[in-house]
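Take a look at the structures below.
Two complexes are shown next, each including chain A; its partner changes from chain B in the first to chain C in the second.
What follows is the complex of A and B.
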């Protein structure tokens, strides 16, 4: 029974992933889709590059430059996956009006959303790789591919992706109850993490009260560990006190807590949405 | 003729009114449309703090952050609007109504300008207060003129996009996405556009926000002119030309796309 359920959930995730990928990619011919996939992440990174260059008068050889660039590159996962998953509710309910059919099919919604998130993960991974390659080749970001701590990097990356997906599902739950705010909510929550997790600067610069929030978020440790595994050092005074193992443990602990909270909130909201008839409510806003 | 004008004015008001009401329909807009957008702007301010940049850069970012509201509005609520309307079945109703399609676009622009302004004003005021931005106003009159011209040409561009995107299916969504970060980059939302170089800056000036932001920074901050792309008077002239061009272009683009849509039967096509 238990194994059967796991099999079903895996199949749901796989099929939702396939559906998500088709919706992500089949709106244009492959060349146009490739250009689209390249331009956005590069432009996003170049904004920071020019901000940096205008102040340093053209120098890019400082560690801070690599710190900012890497943080921004990996943060793409947060924006894209958060938005990708929460938008599924809006899209399936309002545009395609398929949410009710998904609900009455013998699958678990949680895994359906998880699968749809995987499609976003794939496209974002391509964007992150392109951005990093652009940084190494054209901006001479000092990354030595042979010196990266790959085991720790991969563990950190996957734990982080898991927590981002959980956050996306939480946001999808909230979207069930809101009319048209999912777009703004995702943008806002993404903005909060962008600021509080020190995606593009060291959290030491934040006011003390915001640093407390920062330290309670697993994504802060995720970004710090990713940078450490790639650059081999930390630029944050606050976080350099912790060893890699300590950071990993804190990240795992906060991830577990967040995953539990996400699951609980999602289920509670889903119940409210069913009770108040919002599951298939079309408001055409 | 008189009746036609009256009907079209009513159509402008009617289409704009929906946006005014929609903007405040749920009280949570106070958080989602004002407080949350400030966070990304704050992150960019901290980048300059990390780099120990001169004080005026904080102001540059706050102003740029506020102006993103207008660009987002032009993209999502103007350019992609006819796509949404098509999806919800409103587009055909516009087509059979005895009104000019331009009236619908004007209404969308006025309503959209209001929606974006609530967000922009909040980001600008709170951002300026939190980060203690120092303004040194060189000319109030020019600043207001520049802002208004930027908005006219920007929403003119939005009307052109709206017409061009009318026949799009799902690609409207992705194309709109595509115009977000690249335009933040080209228009110098978070840094002076001069640093892109003169050639790139001039090409980017086809987007009205490039000239608008650059001019406003020159007029509102001490040392702003040091980072200016062109003389402010030239930028005002450029924006006048862009305003005229985009308003005319939108009229013809709309006519052509409507004709094409009818010919190819794509005006009522949904869920593509």
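What follows is the complex of A and C.
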């Protein structure tokens, strides 16, 4: 029974992933899609480079630039997946008008959304790889591919992606109830994580109360571990007291907690949406 | 006894929305979409819910299809409570709604249908075989490889109807499935629905419609619903029989008559309804009289209104007349188009 359910959920995830990929890749011809996939992340990186040059006027160490560049590159996952998954609800409900039929099918919506998120993860992975390659080749970011701690890097990456997807599903739940405000909410939450998780500067610089929030978020440990495994060091004094293993354990613990919270909140919201008749409410927004 | 669908005092209310200076009681801000609905549908039955727009038909289907929770009362699908065990109910049902543009436009007809078959855990081989059969049966095989964004509204709706059948559900909810379809496609769809239920004893269809002819042609039993209340529930033949002792007259006049409400006061008139067609300027009047002798009083009133009678006929009671007798109003124009 339990194994059968796991099989069903995996199948749902796989199917939703396929559907998501069709949507990601099918909107334009392959060449245009490839060009877009390359130009977009490079343009984002260049914005960051120019901001860095203007703000620091070359007075800050190159280590900080590498810190910012890497944090920014991996943070693409957060924005793309958070926005992508919550957009699934909007898109399926308003544009394709299929949410009601997906919802009443025997699959579990949570895994369907998870699968749709995977498609976003794939396209974002391409963008992250292009950004990192651009950084190594043109901006001389000191990444030695032979010195990366790959096992730790891969574990960290996947746990982080899992937690981002869980957050995306939580936002998707909220989108079920608040069609008008989901974009602002996603932007706002993404912005909060950008500030609090050490994406562009160390959490040491944050006010103490905000540091408590930072330390409760698995994404903080995710970015820190990614930097350590790729660059071999990090600049955060607050987190430097933890070993890699300790950071990984804290990240796993906070991830489990967040996944449980995400699941609970999503289910509660889904119940409210069913109660208030919002699951298939088309408002042509 | 076990039913395919059973509702007990099923009630659903909706809030009207925020109103300023609302000094009325709490209940005044509520719309009663379903009001203590008690319906039982047997397995193998093609059951119709007939009523005008806003009668509560879609709300009923949404609750049974686990999309919406009732405010009170209970609803069972194959003896399973839709509130407590929605996952179990979903394995037995599917739903199709008419008059919408649903479907993943970037996928082809076949891809859309295949994807849905997979959501229901149908094996790849069976799914492909069934999709081909259904596409052929409903005359869509030439559209199989076309992206659905390129389909006409009618073809898209037809594809959605196939989507409803592709998982071979035990109970199928069809919410106005032929809404907006042309006469030819509507006929094909009706024919298929009828065949599907007749050939499969254990299959049940709950169909909502506001097309009288559709309900009359397809349904074993019909529940007439208005303002969230079930007013009558029986076979179309029995419903029509209930009017046999009355005289049903249809009259068409060339003007929009003044004081139409006064027809209700004429002796012998049990029920009266009318429908004015703005395009032609004509008015269609329907009377249910205690007996034939009262028709002269009607024609006299029409003549006194300086209106000309274009046609007058005594009709065999139809479902529409039953509806008029129960609700005191006619359904919309589309009925005549469909008829």
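Going forward, the second predicted complex is superposed on the first by the 278 of 285 C-alpha atoms of A that agree within 3 Å, B and C clash if a C-alpha of one lies under 4 Å from a C-alpha of the other, contacts with A are read in each partner's own complex, and residues count from 1 in each chain.
As a working rule, a residue touches a chain if its C-beta (ideal position, glycine included) is under 8 Å from a C-beta of that chain, and two chains touch if they have at least 3 such contacts.
Every value quoted in this text rests on a predicted model; they were computed, and no experiment measured them.
Q: Is the number of chain A residues in contact higher for chain B or for chain C?
A: Result: the larger residue contact count on chain A belongs to B.
Q: Which holds for A:1: it touches chain B only (first), chain C only (second), both, or neither?
A: Neither partner.
Q: With the two structures laid over each other on chain A, which partner does A:187 touch: chain B (first), chain C (second), both, or neither?
A: The first partner, chain B, only.
Q: Tell me the contact category for A:137 with respect to chain B and chain C: first, second, both or neither.
A: Neither partner.
Q: Please work out whether A:19 is in contact with chain B alone, chain C alone, both, or neither, and reply first, second, both or neither.
A: Once the two structures are laid over each other on A, A:19 reaches chain C alone.
Q: May I ask you to decide whether A:145 touches chain B, chain C, both, or neither, giving the answer as first, second, both or neither?
A: After superposition on chain A, A:145 lies in contact with neither partner.
Q: By the touch definition at the top of the document, which applies to A:206: first (chain B), second (chain C), both, or neither?
A: first
Q: Thinking of the overlay built on chain A, is A:96 touched by chain B (first), by chain C (second), by both, or by neither?
A: A:96 contacts both chain B and chain C.
Q: Overlap the chain B and chain C contact sets on chain A and report the shared residues.
A: After superposing on chain A, chain A residues 23, 27, 96 contact both chain B and chain C.
Q: In the complex, go through chain A and note every residue touching chain C.
A: For chain A paired with chain C, touching residues are 8, 11-12, 15, 18-19, 22-23, 26-27, 96-98, 100-108, 274-275, 277, 279-280.
Q: Can you name the residues of chain C that touch chain A in the complex?
A: Interface residues on chain C, with respect to chain A: 14, 62, 65-69, 87, 90-91, 93-95, 97, 100-107, 111, 115-116, 118-121, 163, 167.
Q: Report the residues of chain A in contact with chain B in the complex, numbered from low to high.
A: The contact residues of chain A facing chain B are 23, 27-28, 36, 39-40, 43-44, 46-48, 50-56, 64, 68, 95-96, 178-181, 183-185, 187-192, 194-195, 199-202, 205-206, 284-285.
Q: Would you mind writing out the residues of chain B in touch with chain A in their complex?
A: On the chain B side, the touching residues are 22, 25-26, 28-29, 31-33, 35-40, 42-44, 46-54, 57, 76, 87-88, 169-171, 173-174, 177-178, 180-182, 184-185, 188-192, 195-196, 227, 271.
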